[in-house]
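Letters A, B and C name the chains as they come in the text, with residue numbers starting at 1 for each one.
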């Protein structure tokens, strides 16, 4: 009897603080002037690395962008805009560019944002053993500072893409002091971004609070951001609906559910495209006949329809129609013609079903199943397997067949070289490259962004690439997000998630 | 044999029927598909129609075909788990009994470890370590489920080894093979069969869970769990879609479990359980009983004028089987005053115990008072509520029965149980209650009452237990004590002690006693008046001396004669009667 | 006074016996886990080096992680770490596995704990009602119900609950987790649906076993005996029937924790809970061996401790079992 009373008492004591907490919160709410924090809850894929050098251009950069500020930004048309750098100028020959940083900025650990910090970052990105960015910085020969706020980049070639390149994906600048211990930096970010990290539990959540020292803090109307590691696609909609999260990526399969629930669906622009990655150094694709047959076997429209359920479109290029580098002339290079595909294989001496290839994926994918069926229709058996460590063999170019999708790049040249360049991380057939493409891409690189033939040069480079590249692009889909009504409109900056100007209403 | 008994159960027939359908699906499903389960079409996520009975999936494939195509993997996967577990578990289980203590210890520890591992978690982890195939996952699960078979097989093997049949058979020279075939199989196969059936059910759920998580799914081959996973992704388009794989999974698992339960019923307690259940069910199924077949002399629930100073009055009591209406006690009448000792004499089936139970209000559920009435201390018990009974039992009437130990809670010390009465009914504090209990034990001649107080029922002898029980019965000073075969299982000397004790109580407390027994000696020793019962009727009543010397009814005469025949003492008052009288009667 | 001392000694004795039984389990469990990890042939290289995975780099990395030492050396080092509460470092992000698991374990244990409470609570009520109303329609309805839910996979139940309570009625959130600091009800509301889904199996088994136990005890003479002594029905049930009927139910309960921990893998996937079931799933998919080993060891320890507790409880409540009587 006494024991049970004691237990009850203990319970009450334990519970009281939590109940008290709740009380305090509501007391706060009763007095709006006391500012109940404006909190944004975002569920997304959690980046495994917090050091921009290690994280690279993969999708996780969007979360890092909460803590880091990048050298440049882009606007809704995709043009470079000031970031940490308020301006930049090229020299007359176009092989040297100087960035002028904003004065008086600081990282969250107090170190100043200066040219030295940028220089150290770029050097580290080029040289650190596990850097994911060195392939993107081949144009940069060396970096030196000219004064406290001026960074001078000497380039290996004429390259006007640099301001586009040094955006959120490549040039999120961390504190140089923190960067002295890259391992620690990789576990906990120290930057000069719109928010600073308050609590970070890997693969679970990261909580951030507004950084008043951010260069654009005046336009940040969110006090706290809570990022949660990804949510099951089947429950995304209900999570937003019931207020667990405010913002999350929406798989195409859930759009209808989101509509039914009356949530806001954001079709966010992006220069992205999905592809079927083929390695011509591996069987069976070392036989050009097989490659050609596969080119004619893919029905892009079917893939686009079934995978994006109407929200995307077919494309045979690494970006959607309408993008500056999209080459209309190359649209129908290898039209869908399964009969022709079968004939090509037959003429090359293959019987239906003879060709068997391992189709290795990072995750289950309806697109892969559709492609599998399309290949089966021309007599190629593709065995799908989901590999836990897909990334390593993919980036090590060990796979014969896989699928991939990018979220685009700020610099069109970067997109093209990533997919088609000899060292391109997304070129499964590297070091394969055509000399025509190499010439064309150099030309594009050397064209100033405001030159009249800039767009044309890009298209020519695309054309050259597509003529020989074995990568088969399939469809493009704007990134779909779902948000609760509390969250105001997101700036439509392609491929990026920006929180400036976004307001979050009270729960 | 087993199958035949199984077939008689309706549930087993249902289960086997369902399982046959599922097995057919598993084996012939792929042949029944209306379309290829791999062929996509442009009608993506279409609703059920004539062309696609269950609709199409996210690539336009026919859902029904995919369900059918997925049957073999899912069902055979479950069977595989069960079989692996069977082999891995049963053999060590049986061997552990024969191969010595070291082997036994090792296997027991391994089994404990396996049980400690949560198998879904382990299976998922295995996929990281040994490969993402369904076979690897199933083997892992099979091994983790094996302990169940180990235990079952081991228990069965133990019971066989220690059974007398096998010892006898071995002595008789039967061959090992014959022993195995006859006894081993009979003991080992049934529980293993039960385990097999339920494991297959679990195995199916595990396969569904694993394929739901994506383990072992090789697109485009469908699996029931994999289908569920994709159904969930596209729930907004086809909210009904999860129903189909779920229904299949549930039906199959339910069938396995039904079969397991049926096997359990058939092999566990054998036919006895079924018969009892049937008997119990009949009262439920019958509508309100139409009334006993033989018309009662008086309406039930009525008692005539009770004698004013009677502590217990029974008036024309009739007790009938609720469902059949058959009367098992037909008109018992007697009345008891303070200090009076009444005996009820009869064999089993005479209705004497039912009568006692009616007086105590503990008639078994299938029986009811169909005529006459009972009054305790002047109060008619007919309308007694549970609270009334609670108040009356122990206070107005108490009882002790044969096998006293079974009437005590085996997990509590006996002292506490008697103490409970004082604390709850007289609201005494612990110390006082304990003192009262010890005094009672003392009064009932229990040696070392304090020690007895602390002991558990299984630590006491029959005689001591009966004393404890009597103590609990008289704790609240009841007016009547019913002793139904109270001394039957005890030694003769102890018997005498207990009977003396009862008389003592009668002398000291004025306790009225109802002594029920089949043993004439007991009745003769103590009672003043005797009722002789046979087949529910009172065949003779009267003072003890009369009954014994001049039995009027044939049955009584038989009882008395039997008693004399076995050389037992005639009652002292009757020493003068010639012996030959008894012998004549016997012939 | 003597009684307390006697029961205390008995408790210690049973505890010692149990520990003696369970320690080999712990050792064997950890050994097998570690062995499988080593046998898998996986290495941190695939997770950490990515594009720059040259054979030299791989060899260097494996040496850094001490993976080129002989098996027993590695195992003993790991075991020593275990003793100090260290579970190694994750290959995926280099963090302490113990740290990663700690916060997640709280979530999973909360769900499992709540599921256990619901399972025991609801299961007891159902089992009791079924036993007291034996063979009536209530009994049959309850039996049918428990059979039905025992058969339902927890993820199916989970989805159904989300559809009905979260999306349909809007009473409870469908996913995610809020810590206790945010208030008791928010915390509880996130755990209720997953706990309910996870508890189905426990409810069914407990109801069944309790019914069996109760029916057995209710038919026994000592219940009649207690009734004859004039005790009230409630008292009889609570003091004399229930403790003796708990045997089969408690035994079954002991086997439930592994099931609850395993079931967490699917429920957490459905409800988006950052618990360790999901952690195990993700680590397994990534091939992060130390993380997987850590999860397995923690589950083994949890199950062993839980079984210890259940056995002690069993011994206290059912003295006959303690004395080696039939279970």
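The definition used in the following text is that contacts are C-beta pairs under 8 Å (C-beta built on N, C-alpha and C of every residue); 3 or more make two chains touch, one makes a residue touch a chain.
Please read all numbers here as calculations on a predicted model, not as lab measurements.
Averaging Cα atoms per chain gives one point for each, and the point farthest from that of chain B is the centre of A. Contact tally for A-B versus A-C: the pair with more C-beta pairs in contact is A-C.
A comparison of C-alpha centroids places C closest to the centre of the full protein. Centre-to-centre separation of chain B and chain C, using mean CA positions: 30 Å. Between chain A and chain B, the centres computed from C-alpha atoms are 67 Å apart.
Spacing of chain A relative to chain C, judged by their CA centroids, is 39 angstrom. Chain B has residues 128, 232, 235 in contact with two or more other chains.
Along chain C, residues 42, 159, 269, 284-287 each make contact with two or more other chains. Counting partners per residue, chain A has 234, 237, 388 as the residues that reach two or more other chains.
Residues of chain C that touch chain A in their complex: 42, 45-53, 57, 90, 92-95, 100, 103-104, 159, 162, 166-167, 170, 172-176, 180-187, 190, 269-272, 274, 279, 282, 284-287. Residue ranges of chain B in contact with chain A, taken from their complex: 38-40, 42, 44, 58-60, 128, 132, 214, 217-220, 232-237. Those residues of chain C that touch chain B in the shared complex are 3, 21-22, 24-25, 28-29, 32, 36-37, 39-40, 42, 135-136, 147-148, 150-156, 159, 163, 220-222, 224-233, 235, 239-240, 243-244, 255, 257-266, 269, 277, 280-281, 283-289, 292, 295-296, 299-300, 303-304, 307, 317-320.
The part of chain A that touches chain C in the complex is made up of residues 15, 18-19, 21-22, 25, 43, 48-49, 129-130, 132, 183, 186-187, 201-205, 228-232, 234-235, 237-239, 241-245, 261, 388-389, 391-392, 395-396, 425. Every residue of chain B that touches chain C in the complex is listed here, in rising order: 109-110, 112-113, 115-122, 124-130, 201, 205, 208-209, 212-213, 228, 232, 235, 239, 242, 246, 249-250, 253-254, 257, 277, 280-281, 284, 360, 362, 386-387, 389-395, 398-399, 401, 403, 406-412, 417, 420-421, 424-425, 454, 456, 458, 469, 472-473, 475-476.
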